[in-house]
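Below, chain A partners chain B and then partners chain C, in two separate complexes.
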Partner chain A sequence: MKSKYKQRFFWGILLAFIWQLTAVSGIFSELIFPGLDQISIVLFKSLQDGTLIKQIAFSLSVIAQGLFLATIMALLFALTAYFSSTAAGLIDTLTALAHPLPGIALMPLILIWFGSGRMAILIVIIHSVLWPLSLNLSTGFNSIPDIYTLIAKNYRLNKFEFMYKILIPASLPYFISGLKIAWARSWRALISAEMLFGAINSLGGLGWYIFQRRVFFDLPGVFAGIIVIIMIGIVVEDFIFAKLENKTVKKWGA
Partner chain B sequence: MYTEKLEKIFKEIGSVSMKKYITIIIIFLSVLLLISGCVNNEEASQQKITIAEQYGLAYAPVQLIKELNFLKAADPDLEVEWKQLSNTTSIRESMLAGEVDIAFMAIPPFLIARDKGMGWKIISGLSESPLGLMTNREDINSLADFKTDSKIALPQPGSIQHILLSMAAEREFGEVDRFDEQLLTMSHPDAMNALLAGREVSAHFASPPYLFLESREEGIKKILSGREAFGGDFTFIVGVSTEQFYGEQPQNYSNFLEALGKAIEFIDQKPDEAAEILADNYNLEPSEMRDYLSWSGMKFTSKIKGLDKFIDFMAAESYLEKNSYQYSELVFEENLAGEKAISEEGASQNEE
Partner chain C sequence: MSSYLELKNINKSFETEKEKKIVLADINLKIRENEFLTILGPSGCGKSTLLKIIAGFSKTDGGKLLKKGKAIKEAGMDRLMLFQDFEQLFPWQKVINNVEFAVKQAAKNKKLKLSSVQIKERALKYLKQVKLRDYQNYYPHQLSGGMKQRVALARTLAAEAEIMLMDEPFGSVDSQTRQELQQLLVQLWQEENRTIIFVTHDIREAVFLSQRIVVMKNEPGQIINIVENKLPYLRKRSSRNFNHLFEELQSQLHS
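Entry: the complex of A and B
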């Protein structure tokens, strides 16, 4: 684990060095290829005057809300599908229809139905999370070893007890890997939705921050936004999910 | 010495051999070189001119150049490429990348990029046009009636519509950013649909033909015109080109200048014929097209009006860093707009 970060650090520094060298060499105009010094100045300034912090907070709050709602919906879907084969057919059809559809393709529809506010972004996130997550959960439920269900029968567990004590814990690895996919998809969906939907009350999240910088011809600002997106992505993937996995799946040895 | 140090670092990281790292770095550098090579190749072509076109009545002379092949008439060997781009920002970026030679846009987005150091200048004025802030709300009759939750749709921050709205806000309330919190970025067609649907959007800062279409709808009214907001006449769209194109392809540049002059004159002198030719282009009936082209306030002229005032306002409100420009810094020496000093132009502006 340690050496992974060492390697990343090394490569990061090297790439930054090459980047800066290219910027300084003047092969490209400063307007197309800003140096890291310019980028960090803008990044620092935007962080300091609070504009960027506000956008980050907005983005994270929308994505947290979206992930939460989508997870609950996915759980409900997967559970009903597990217990009823009719519902399973319906949910399977819905998933097959909606899963391959990128949220951005629904943009015109969402605009007409839900307007262009926070609600619209939320819908895009839920759409991008719900289907892969419920697919993963269903697979998880269905791949529980027969012994587990037999044990439940032995103990005469009712449906709810079976759900809480056996079904969900036993499919936790699937749940967590589903969440990982959900995060990755929703993070991408969020940024693109924010870039398209325009700002509400000039609070439009990180995607909007980038769009705004772009409109005002401020490429270092665009890169500052991109760097923040990368950083948040790394933190969530490497720390939050890694911790979650260590504490649950790896610890229990599932 | 340097390689020794590098080797030391590599040894510390261990596992992968030095050779592998070097190979990767070499691949990286060659990719970079390839990219820069591509850019140079595109710029080398001499017999090609790329023009960005946008949809909108204010761009009518450009459509005429295309329809009547004015550029081919000037030089039959010249290859003309028309690029459809949807908004000013992407046009600006394509020009920066060297993919577009000539484009048309409003003065503020041009100034914003010029201020940031982009090497481009104005070729000519293209059109003056009525603009209007249209609302679908009965209870809104002036800017003062806007509540903080009524949304105003316009193309993007820093667009001419945004600057005009800020100018009006500054004049009426002394607060430039009064409406900034309630702006919605939408393309004109989306904004028109939203306005007609009466949801989400309370107002739209429209340009023709959307302005004309909206003004025909019942329940939609204009509460502010572009002219009122600006406090006078101003040029809506100007033609711009990069200094690189101007310097490297002077012949093509003057060919284009000539074609543009011809097109503007054509619309001015033969509006009926122009309407006939352009109607298909805009998906309108010829009679409708003629009405639109001669709508009050719609004027196709190469003169540039209001440049000075835009600079003053935008610099005062820190949309621009620099607050004074020489006319020659903004307009090419060879142009259609005439050789005026910028201050004189401002003075003649006030007399009107």
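Entry: the complex of A and C
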């Protein structure tokens, strides 16, 4: 585990070094291939004056809201499908139709129906997350050992008790891996939606920020945005999800 | 003598694609209150199926299941099943919480209100009975198979069921641990009055444990004999009478 970070650190430094060498060598124009020094200056400045922080906060709050809503909906879908085979048929059909559809294909339609505000981005996020997450949850629910349902019968758990005492904890590994997929997909969907939908009162999120920097041909700014996106991705996947797994499925011996 | 639990003409068959397989044919059995009964038979003779019917997990094709004269229709906490499968514990809960689960459900079933301290006290009492008090904060995956079965036993005891149904609960542990568990079970049964119906294909296990042994045969599953086992507890596996009964049962099973 530790050596993974050591390796990443080593290769990261090496790649940065090569980058910087290429930049100072003058093979490419400074305008299209800025050095790390320029990029860091822009990054720190825009973090300091709040312009970038504002966009980060916007993106993170939209994705948190979208993930939260989509998780609730996915739980409802998967639970309904688990307890009713009629509903299961409907939800299965909906999922089969919607799951293969990339969120980006829906964006023109969403623009027309919902405009380009926060609501539109939320819908893109929910679409990108809801289907894979409810599929994962359903798989999790359907693969709990039969013995648990017998125990539930034997100890006379009602549906509600069965749900929170057995069904959900027993399928938590599936839930977490579903959340990881959900995060990855919604993060991508968010950045593209922000680029397409633009901003209201200059608040459009990280995707919009990068897009806008490009308009001004501010490549260090573009790279600053990209670095922030990478950093957030690493923090969420390597720290938040790792911690969640250590506190649950790893501790339970999965 | 009035019977406590009564099985009358129980029949059960399973339909597969091609054929209808009769698994239990005309099972009649009277079980006494607080007795230790084993059901002994070769693998596949329908022992688990029979126990699941008594538990109320599966329906019969015909026949009656009566407790104190009243028909049993569904599963309930008066008849608790202990399985062979180590997976019967909840891996997401510590040992103590696994046992508390049963205490809580039992209290709820009896409409009793217990404080969290009382719940823990009761759970600890049963963990102590199976000699695992020191392991209360372990997760199931940190325990050996034998210890897992002891936790499962504690959970079943903690539910304070009148009848305990045991489906080869010690079938997957090594023989030394199995003997320890058998001894523990006899001891616990003697301390507190309970009816135990214990399924096994191990003749020595049946002789060691029970007061009566129901002998079953295969194809279709039928009761061929019911043997009283009057050997005094705690039984010695090396004694002459023990081995005499063992041989008698062996010849019946192989006839």
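We take it that the second predicted complex is superposed on the first by the 253 of 254 C-alpha atoms of A that agree within 3 Å, B and C clash if a C-alpha of one lies under 4 Å from a C-alpha of the other, contacts with A are read in each partner's own complex, and residues count from 1 in each chain.
Note that in this section contacts are C-beta pairs under 8 Å (C-beta built on N, C-alpha and C of every residue); 3 or more make two chains touch, one makes a residue touch a chain.
For clarity, every value in this text was computed on a predicted model and none was experimentally measured.
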Given the alignment on chain A, is it a clash or a fit between chain B and chain C? fit
After the superposition on A, what does A:T248 contact: first (chain B), second (chain C), both or neither? second
Between chain B and chain C, the one with more contact residues on chain A is chain B
Tell me the contact category for A:L111 with respect to chain B and chain C: first, second, both or neither. first
Look at A:K165 in the shared chain and tell me whether it touches chain B only, chain C only, both, or neither; answer first, second, both or neither. second
Classify the contacts of A:L36 with the two partner chains as first (chain B alone), second (chain C alone), both, or neither. neither
Which partner does A:L150 reach: the first (chain B), the second (chain C), both, or neither? second
Could you say whether A:V236 touches chain B, chain C, both of them, or neither, answering first, second, both or neither? neither
Quick check on the superposed model: minimum Cα to Cα separation from chain B to chain C, whole Å please. 31
Just to be sure I follow: which residues of chain A are touched by chain B in one complex and then by chain C in the other one? none
Chain B partner, complex, touching residues on chain A are 3, 6-7, 10, 14, 18, 22, 27-32, 111-112, 115-117, 198-202, 211-212, 214-218
Within the complex, chain A is touched by chain B residues 9, 13-15, 25, 28-29, 32, 36, 39, 89, 92-93, 96-97, 112-113, 116-118, 151, 156-158, 180-186, 190, 193-194, 197, 199-200, 319
Sort out for me which residues of chain C touch chain A in the complex. 55-57, 74-77, 79-81, 83, 85, 87-88, 90-93, 101-102, 105, 109, 139-142, 159
Touching residues on chain A, where the partner in the complex is chain C: 145, 147-148, 150-151, 153-157, 165-166, 169-170, 172, 248, 251-254
